[in-house]
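These are the structures, in structure tokens.
What follows is chain A paired twice: with chain B in the first complex and chain C in the second.
This part shows the complex of A and B:
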């Protein structure tokens, strides 16, 4: 039973979730590009400072950018560390790279196991920190939606199970069960990417440009809104 | 939470009771408000470019509250309602629920939380607490411009008649009134003022200045905030003196058909923003002016700089300059001299958000001020990270919320001002000047608010004198 499930999770489910994520992200990117292009074509002013907007995005890849606002400094930097771990570990773990090499024949630099262990610990700490930060900041807590709490928890699952899988001596239960948890939680996360705020994986890169285009107004739009609302010819 | 009064329509009086600013009771929509709100929202999404950006925001927001500490209102109140992201979510959630497939499906699954009169009135109130200073925008890793959301929300609300009466009355006079300007000054009175200012300058500075009206083919057509003609005559005298002193008196003009730089459309309506800017463009074309020169006014400058291209044909549109850019150019050319012994008091500079937030005009005024004010001090933070005067986004024109402006939004600014110990507070913006004067009064500070050109006027060295 467990073996069958493991086989399913390792094979078809993994492929399915990777494919769904890729297609979902592709859809998000294409739609966004389409929308941006449409907005651009209607705008009265076609000049968009693309390099400036991209630089504004890229600035957030630098750790010190997160230290500027004092009150949320710790939370922000934790968020930065979380992102480092959550990208590096799954992508560069030796085991994962090996699987990819086997399946697709492509490979990239790998993390030494020690580094992966440390990063896993760091990521888990960061997740705890982020949840704590969200809980203790009244404004953030009151604004939060279910996904804001559930996604970090879900992120922790593949990290914990992954670490246990890599250190069988510490594993209290059947290793296969841990593998199953690892695969299923990671797959659920992958599937959720396009449908949750995690879609920022791709939309982050255009968010500043999107804002810029939001300020590129359409000549005559105000009048057309008035006509649609049946207020044509009415005064201010 | 307020009790839900959403059953049935509200009377204008009931709406007024829930708002801190006065609305025009006979203009407000009295039918099914939530339905109308969604109709307006849909019409705006259809005809404008907001859909892509609101859609993006609705997908990526992390509700991390990183923006909170950057908001001076939140800094003062500490209330979750004053977090920029919370405020933006009021509108973003309406979008998500009613205009996305996901939102509609979720609504079916989890039960639909309908848009209520309460939430609309909450928006009408809170989007006028925000001064649209956009400081929070700098601190959003996901690039959400809360100023844009505030602008869009106010635009939707204005089509329901939920907009401060003070703003509407000014715009109505500007677009449909006899005088054609927000201060309702008839042109003959302005012509008199111009003549009077020229006489004053001649008397005080022994300089014969020309303030040309309706001259064609000039390099610049000048649009100050029209209120400057009454409220900030010193600024205008400084500008006129400077232009004459550098020998550019035959390079500029004021148009008699339209001369007001003020554009409240930037604060609450794209429809009005466009109509007002078209008046500027038309007047510039009538006089065949090569460029548009805006006076000491932040929002007038930004609305022209950012949108003249939109409504004036992109690259064909006349270029737009703020007067500080002009003055700085002449300063670098060494075209005028400033006496460093005139202003001995401590001077500080307030960055108007609409000039500084994007980094447009930050160092220019400082360089000029430092060159002749021996005792120049900075306030912190400054430049693109400045604190808003507390009266941005049109709120300064709403007199009935002065208590809120000086007692809540402006408090951090007042603390910042007090810490400088300056005598002269230079604020090259008509809105900021009014707000800062009120702030200084209400907080008992010993300072004088002046324009950049007021000080230049005092210190300029004229060859004739």
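This part shows the complex of A and C:
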């Protein structure tokens, strides 16, 4: 029974979840471009801020950018650390790279096991920290939707089970069960990527541009807004 | 836009998504990975359903156009544009389907350059190409009707009548030629379908199917868009269908009676049952509904009967091009799910294009006016600005483009998961068709046999003509084959008994491996070769006969076999009035006659050679 489930999770389910994630992300990008084009064709200003978008995207990849933000500095930096772990560990783990090499014949640099262990711990701590920050900060607590609480927890599941699977001596239950939990939770996460907030994996790159594009109203519309509000000459 | 059409489109997008995945696998990994086709059954679901069925389904275009524009029945003008649209998309679907089925799809342009006027498929290819062009021109006024290109529109309208006539001509040609295609497989196709009247049967059935498809298609769009169907027009079409269907049924029965084959339908074989099922679906059930006025006035019944009729005729095409050949060839072909997904995916994709054109162009002129009243019934829609509350209403995550694209990409992922990507089938070696050899027969008068002259020259050498064409016997133009092939009259024993004993076991234990115990040990009581040598033996089909004896025929006999079987069959055809075709003397004339023939032949050849200045006299 457990073996059958494991076989299912390792074979078709893994294939399906990876494919659905890739295709779903493609769909998200296509839809975003389509809808951006729709908005752009109706905008008064047809300027497309290519270089600004590129600069912002690159700027937010750097860690000190997060420390320069004035509010909630620790929270922001924890978020950065979390992203480093959540990308590096699954992608560069030696075991995962080996699986990819076996299936597709391509490989890339691997993390040493010690580094992977430390990064896993760091990521789990970061997840806990992020949840704690979200809980204690009033504004962000009230803005949160269910998926904001559930997705970090779901992210933690493959990390915990993965660490246990890599250290069988510490594993309290049947190793196969842990392995199954690892696979299933990771697959659930992959499937959810294109249909939840996690879609920012691809839309993040577009969103800098779309934010810029969205704010470009007809030239002079800012002044008209001020007139409507009775605040001529002031900042809005 | 009603709820029904939205749900229906959602299903179609899902099917198209599955087909998109299998399409990528088919064109990257080949036919072996995606289909159950084999050398014995090279025509499967794709040919039967997409190509043969698709062409027939699109017959509504020329049938309804003829009724509306040639016979000037005004009330069918409503049906003409949707029927022509269906035909246009149907033919486009056939072309797309053919790309899937061709082993080397990039060679599809070849019939346009390399002409083979002997091939019915050549004619079909040209007719389909021309007719698709005609259909596009025939339908194009619809695209320009509500635009500012009014001169172009008027010009295209003036072209309508000649185009319709051309369309009817082309359809008549290739609908029947698809039947002619099957005439070359009398040993493959079951006798209930094989007849010399196959072209005529295909043409008549295309007319029936065209009418049924028109009824089906206009009832379906009416139901999906929640509009009132044109009852009067549908009834009229079903009256036409009664005529066509009863003629077709009568024709089929007459054709079977003519060949004494009616009993074969009731002999309890699988083919007999299949034939009765096909006739019931395509003719009998629809005829009952179409011919009783009280029944055909019920839109649901009419729709159902038309649907059954359409599926019956589709079954006919599938039977003729594959299903009724399967049991006679001993193949165990059953389509894989990828074949089904591609077949339905092509139909679904073109149905989506059909709905798109239907919604954006005046295919049915009174269509646009009724659209608005269904706005409130929509299942999902784009967010829209409400002028009363001055806010945007609706969920942007649940609008058509998001729902459809979700279904499409999910289906695509599912499709990729299910396709057997890793099973790559080795391509089997292609053997040259027999017709590819240079045979002495070409260009020579009757009286010579199939003889690979070039192969002999290559083997013996170009300077050695005299080995066969020796000069010692002046009256003898060529040495008989038996001079070299001394064994040509002998049958060859091809079964090596000693080797079998050595291979199976040593001693007496090997006997019972083939011969049943308690029976005399002889050839008649032994196992059939095919019980062990399943892979080594070619399946019997139109080219290869069933292997029954262990003696390979001698050269003379096998050369004869190539001619005699056909001669005997042709001699039996009463309409040819040549009962002496199978007599030996018909080909093997008296020696004098033969020599005279050869002399004339040689004389004309020498003349030709003289003119080319290449003859050398020894």
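Convention: the second predicted complex is superposed on the first by the 203 of 236 C-alpha atoms of A that agree within 3 Å, B and C clash if a C-alpha of one lies under 4 Å from a C-alpha of the other, contacts with A are read in each partner's own complex, and residues count from 1 in each chain.
In this section, a residue touches a chain if its C-beta (ideal position, glycine included) is under 8 Å from a C-beta of that chain, and two chains touch if they have at least 3 such contacts.
As the structure is a prediction and not an experimental result, all values here were calculated from the model.
Touched residues of chain A were counted for both chain B and chain C, and B has more of them. When the two complexes are overlaid on their common chain A, residue A:153 makes contact with neither chain B nor chain C. In the superposition on chain A, A:226 contacts chain B only, with no contact to chain C. Once the two complexes are overlaid on the shared chain, A:60 sits against chain B while remaining clear of chain C.
In the superposition on chain A, A:204 makes contact with chain B only, while chain C stays out of contact range. When the two complexes are overlaid on their common chain A, residue A:2 makes contact with neither chain B nor chain C. Once the two complexes are overlaid on the shared chain, A:128 sits clear of chain B and of chain C alike. In the superposition on chain A, contact of A:26 is made with chain C only, not with chain B. Contact with neither chain B nor chain C is seen for A:99 once the two complexes are overlaid on the shared chain. In the superposition on chain A, A:143 contacts chain B only, with no contact to chain C.
Common to the chain B and chain C contact sets on chain A are residues 195. On the side of chain B, the complex with chain A involves touching residues 39-40, 43-44, 46-56, 59-66, 68-70, 74, 78-80, 83, 85-86, 89, 102, 137, 139, 141-145, 148, 159, 168, 171-172, 175-176, 269-275, 306-307, 309-311, 313-315.
Here chain A touches chain C in the complex through residues 12, 15-16, 19-20, 22-24, 26-27, 30-31, 34, 195, going by the rule given at the top. If you check the complex, the residues on chain A that touch chain B are 28, 32, 35-36, 38-39, 42-47, 56-57, 60, 65-66, 68-72, 75-76, 79, 134, 137-140, 142-145, 148, 195, 197, 199-200, 203-204, 206-208, 210-211, 213-226, 228-229, 231, 235-236. For chain C in complex with chain A, the touching residues are 401-402, 405-406, 408-410, 412-414, 416-418.
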